[in-house]
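The two complexes that follow have chain A in common; it is paired with chain B in the first and with chain C in the second.
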Partner chain A sequence: MSQPVRSLGRASAPAGARPGRPPQPPADDATALRRRAQSRRGRREALFGYAMVASALVVVVVFTVAPIVASFVLALFRWDGISSPQFVGLDNFDALLGDNAVTHSLLVTSGLAVMIVFLQVALGLGLALMVAQRASKIVRNLFRAAFFLPMLASAASISIVMAYVFNDQFGVINYYLGLLHLPEVSWLSSTGGATATIVLVAVWQQLGFTFILFVAALGSLPGDVLEAAQIDGASSARLFWRIKLPLISPTVLFASTVGLINTMQLFDQPYVMTKGGPGDSTYTTVLLVYQTAFQNLQFGYASAISVLLFAVLLVITAVQFTTSRKWVFYS
Partner chain B sequence: MTAILGKQPVATARPPRRRRSSIGRLLSLTVLTVAAVLVVAPLVWALATSLRTPATSFDQPPQWIPTHPIWSNYQAVFDKVPLTTFFLNSVVVTGLIVVGQLLTSTMSGYAFAMVRFRGNKALFGIILATLMVPIQTTIIPVFLIIRYLGLTDSRMALVLPVVGGAFGTFLMRQYFLQMPRELGEAARVDGASHFQVFARIYAPMARAPMATLAVLTFSAYWNEFFRPLIFLQSTDKFTLPLGLVTLQGTMGTGSISIVLAGVIIALIPSVLIFLAAQRHFVEGIVAGSFR
Partner chain C sequence: MSSGTFKAPLSRRGLLRAGAASAALAGVGGLASACSSGSSSGSSGSKLLNVAIFTDQASADKMAKAAGTFEAAHPGVKVKFTGTTGTDWNDFFSKLLTQMSAGNAPDIACVATEGLQLFAAKGLAEPLDDYVKRDATELKPYFADVHPALVEAMMYQGHLYELPTDFNAGNMFYNTSLFNSVGVDRPADDWTRDDFYDIAKKISAKGGNAVGYDWVVRLWGSWTSWMYANGGNLLTEGKWDGGDWLWNTFYPNDPAAAGRKGGWRWGDPTANSAPVVESLDYLIQLQKEGLSPKPDVGGGTTLQGLFSSNKIGMAIGGGFWAGGLHNAGMADDAFDVQYFPKWQSQRHLFGSGGYGILKSSKNKDLAWEFVKTLVTPKNIDLLIPGNVTTPALKSMLTAERYATTGPKNWHVFYDTLTKLDDTAPIPAPPYYQAMAIALNKRTTQAMSTGKAKAALDGLQGDLETAAKTG
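== the complex of A and B ==
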């Protein structure tokens, strides 16, 4: 935790240069004995190490690593999960490239994801800036608890609540819009309304996450640098754009990357609130994977779609990291 | 406020900073308060509406403070649906996942940080590489493995695939890396076994990151919807989120106050744990960003 912020992409530290084995000295009896004792001790330590990592490793290999490989293999088959699988080569991929439902769902998902992440990062940062230096500790904790509260609920049950709040006829929101003499919005029954509802609900629920990240990042800014700039008469806008934002840019990158990866997997909210509708305006890719695999029992084709989604995620992350060299500042 | 400001010496070269900043302070406090109210409002509405009579729960204006709270809605939700069963299922599933994660993550995190064995870095690399793999990429094969193991429609189907994970291992390893090796070495000289060194010396020191891991694991799996939806079929095995969504579907729009009572009940454990362990929530989220 105390270590400096580094690029989060290089998750596995570059394997440090392993020191080469020192040149063997001529073995007399004493060193030979010592070495044997050492290697026995080393072997026992190694055995202990393997035993300790075994459980976590088995779970990860069986339920994550193997399934990733299996997804790619399954994507080459046509299979309903019951009869014997039929090898079809790249036919599934060929088919999904011409499948409007797939391309449409990817467009819907990325559109939603971009809107959600942008709002989440902008609002989280804005609120964190306001709370950062001004409020006392008690007030700050109070706001933190308030913004964090929605994150404690499940997206599924929150969607139940929000489906009522945004209800077209008897929802609270339309009631207050009416009071303000504003036109009522058909939140869940129009294309734009449903999109807006999904975005608002997701931003509302995840705001606490970016808020906490930015409060922590702003709290760790070097005070002397900020003070020096202030004494030099920098305006607060200048202070933000020239000093604070560059210093917290790694957090911006982290928040937007994690946010994009999460929102590209959007499922609970559209499943509960809109079922992908109206029409297919909120039909996300994961909804499509779910329906293709577990309702239509097309396991091979569904795997191909999920492999495509995985590839899209990898591309997004790669693009974010290559372009980030231009705007992320590491001290 | 102006009175206080008026007494201050005005003859400084700089513009009256204090005043400007107090206006800014007031403005940002206002914005923050409005935002906080908007964020909390839907949950307050859910709580208030869960206390209205089912027949009038849709009536406008919304009642923010219930004048005649109908507590019987909370009884009704237990009568109408097996909410106790859902609740216990959630407790069992989430509890097993948390315990499993704590055990495997602490052991593997310790070994990756403190124990010398061939392939240490490579194996850790494999685990770390899975950190960002989305669940949808693996869900179909995982479903098939679960079916092959004969665990479909069982609570174990939810537990088994996630009792060990990349995030926990990573978090615990980072913690143990900062621990001094000398303690263990001294105990080894005194004749303690490798396991004793871990169990008696280092593991008890790791209570704080373990608590962090526990609260984060709890909130992630207590609220999970996607996997229960896929793995479970019989109502008596449903966890709370799945049970509530099903309940909402079967009850129609007639009794939303009862559905909302269920939502509030599902939220209570998370809120209690958050209040008890706020610091660990925040630390865990921040720790995640310092890779």
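== the complex of A and C ==
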């Protein structure tokens, strides 16, 4: 933004005209004119600024704000996408209360989210610490690229590949287990196996995000504090728990909050790899929303489930921020 | 920020003008695009018929050859085949319905038995009765060549919604080299579940990584084939009244048309009835004994891959397996087909495919003219190259057709309709979408826990709810 315009007229403008220059208006008029000119320029600049962000704003409004508002409105209707929507008030929310599928999907999603976020944060931090200790810059960059690479691929395509890798009958994993004379594992056809596989794939793919966050956080730790602790004889473990972890606690909060919001919306992996099964053991809430809306054609009810998920996420995030006061240090 | 960035008002205006011009162009472009894709008519008086099919776009482009003669006979008319992929029919229907919700409905859609009642009950499909009555003379040779069971499967509440082009009955494919390796000959036509079990046991006991039998989780040709053979069904069977005009016009003296009415009427769920539970229990038993692995969910492409790699002795397949196995590199004599084994009966299930006109089409008459051309033998050949499904026209099933792909006993495909008169379509009510999700979920639950009754009690509840909510 431009700085506030300061009046220079009184101090600098002489009362009379200088030789070779046209006659100047009185000082007060000149100031007013200059102010008006500045104001016009300011307005033009502001207008130009708005014009520049308008395209981005339109995209956000059309593809983010409008769908959010639409889903809140749609939750009050019964609509199959084809016939006219029928206003039903809060009936969809009323139906949610007695729907075991919704409750079950929220429990499944929460369980998966807790496991995935915990592993992402713990492994991301562990790997970041490991990489930070490497002396060679080349090795450090190599590790960074390797851990971050899976994030660049789409979750859907990775899930397709992983569905083959973990396939019970001809998957690579079971093939090698067989070579080692170990029993084959029902990765995708047993409740525990399917849950574990989805957690593994989601963690592996998203690990790069938390890893990069922690690499940056550890890289910005104040060297003098760490050096002072080392001179005082702090062990590596003590240095981590008492100095490093508290200092990077805001990053831990950020990583866990963003991770939880993302994983509570887990869709690609269960949709591609297990279809929510076996049974409904990996049936996440967003998968339920998708199938309710686009396969059962109950767009209103699916929107109500989305609104419920939004509320749940809001509460979880609020709790995270409230409790963070006790363990996050911003100093 | 430095105000230096904004020092040149002219270039700024220029930029704004350029932006405005771009926006205008984009708007015009968008409008043009909307006109070309959303409407059936162009500005020059030309007409576009959009056809939606469940395949990839490369295959759809090849199928467009079937429109060549029609386009030549109708100057100014262009037919566009749009392929949509998915795991199974329910995926395709979801995408098609979403497309229609967005106001971008095609004129014609290829919808299999799975979705016929869904589209008809929602008022999305146009009944073809008046067109068929009007062009009855022209259509008589077609109907004379199509088994009435396939036609009846395309009816709902007394109306005909599609002209069948193809079908697949749930037969049993077997790997001839695996059979030979355990000294088993081709099973008899009336082989039983016990015969099947003995063969599966021999192949599984052979060692290596071959199993006697495998299957996929879906509605067609899944454990549901065993359910039909055991006299069970997921829903109560019935028939809609009506359709006499069709049977009297095209099948007046055909014994195969006796008892045919206005389409299948699927009633209350019976998913946890004794024969249904027994059928699923049988599959669990096969799995426990190591005669069959845990099945995948999906359309069966992976299953065909395993079969063609000599890892499976037997699997349920229809005529589409001939092309599928051939394309997977299997020699034409490396596999063969037989009827499904007898349990309480030897009742088979089938699903048929065809082309219907959507109610929202602005060119229904033209669409009908095109649909009529699609059911000619020449165009069916173009639509289904390489035996990727079974033609609905009996005369098209010849030794020559199956000479390249196999199987040797290709006659089994159509004989399933003509010789086994209790062969019936898969149960696909208007709430098929919800049914498919529930069936997949409960089947994987049963195979994972080993408890068929509990899973099917759940399925019963799911279907009851789906039947109520539609």
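A few remarks follow.
Simple rule for what comes next: the second predicted complex is superposed on the first by the 289 of 331 C-alpha atoms of A that agree within 3 Å, B and C clash if a C-alpha of one lies under 4 Å from a C-alpha of the other, contacts with A are read in each partner's own complex, and residues count from 1 in each chain.
The working rule: contacts are C-beta pairs under 8 Å (C-beta built on N, C-alpha and C of every residue); 3 or more make two chains touch, one makes a residue touch a chain.
Here the structure is a predicted model, which is why all the values come from computation and not from measurement.
Looking at the shared chain after the overlay, A:Glu45 reaches both chain B and chain C. Once chain A of one complex is fitted onto chain A of the other, the partner contacts of A:Ser303 are limited to chain B, with no touch recorded for chain C. Of the two partner chains, chain C is the only one touched by A:Thr191; chain B is not. In the overlay built on the shared chain, the residue A:Gln295 is in contact with chain C alone; chain B does not reach it. In the superposition on chain A, contact of A:Tyr283 is made with chain C only, not with chain B. When the shared chain is aligned, chain B and chain C each come close enough to touch A:Phe170. In the superposition on chain A, contact is made by A:Gln265 with chain B only, not with chain C. Considering which of chain B and chain C touches more of chain A, the answer is B. In the superposed model, A:Met130 makes contact with chain B only, not with chain C. Counting contacts as defined above, chain A residues 1-2, 44-45, 48, 55, 81, 170, 294 meet chain B in one complex and chain C in the other. Those residues of chain C that touch chain A in the complex are listed here as 1, 3, 6, 9, 12, 16, 19, 87, 90, 93-95, 97-98, 100-101, 122-124, 293-294, 296-297, 302, 306, 311, 433-434, 436-437, 440-442, 444-445, 447-449, 455, 466, 469.
Across the complex, chain A meets chain C through its residues 1-2, 41, 44-45, 48, 51, 55, 80-83, 167-170, 186, 189-191, 275-281, 283, 291, 294-298. The part of chain B that touches chain A in the complex is made up of residues 24-25, 28-29, 31-32, 35-36, 39-40, 42-43, 45-46, 49, 58, 60-62, 103-105, 107-108, 110-112, 115-118, 120-121, 123-145, 160-166, 168-169, 174, 178, 194-195, 198, 219, 222-226, 229-230, 240-242, 244-245, 248, 256, 259-260, 262-263, 266-267, 270-271, 274, 278, 281-283, 285-291. Chain contact summary for the complex, chain A toward chain B: residues 1-3, 5-6, 8, 11-13, 15, 42, 44-50, 52-53, 55-68, 70-71, 74, 81, 123, 127, 130-131, 134-135, 139, 141-162, 164-165, 170, 172, 175, 204, 207, 209, 212-213, 216-217, 236, 251, 254-255, 258, 261, 264-265, 267-268, 271-272, 286, 289-290, 293-294, 299, 302-303, 306-307, 309-310, 313, 317.
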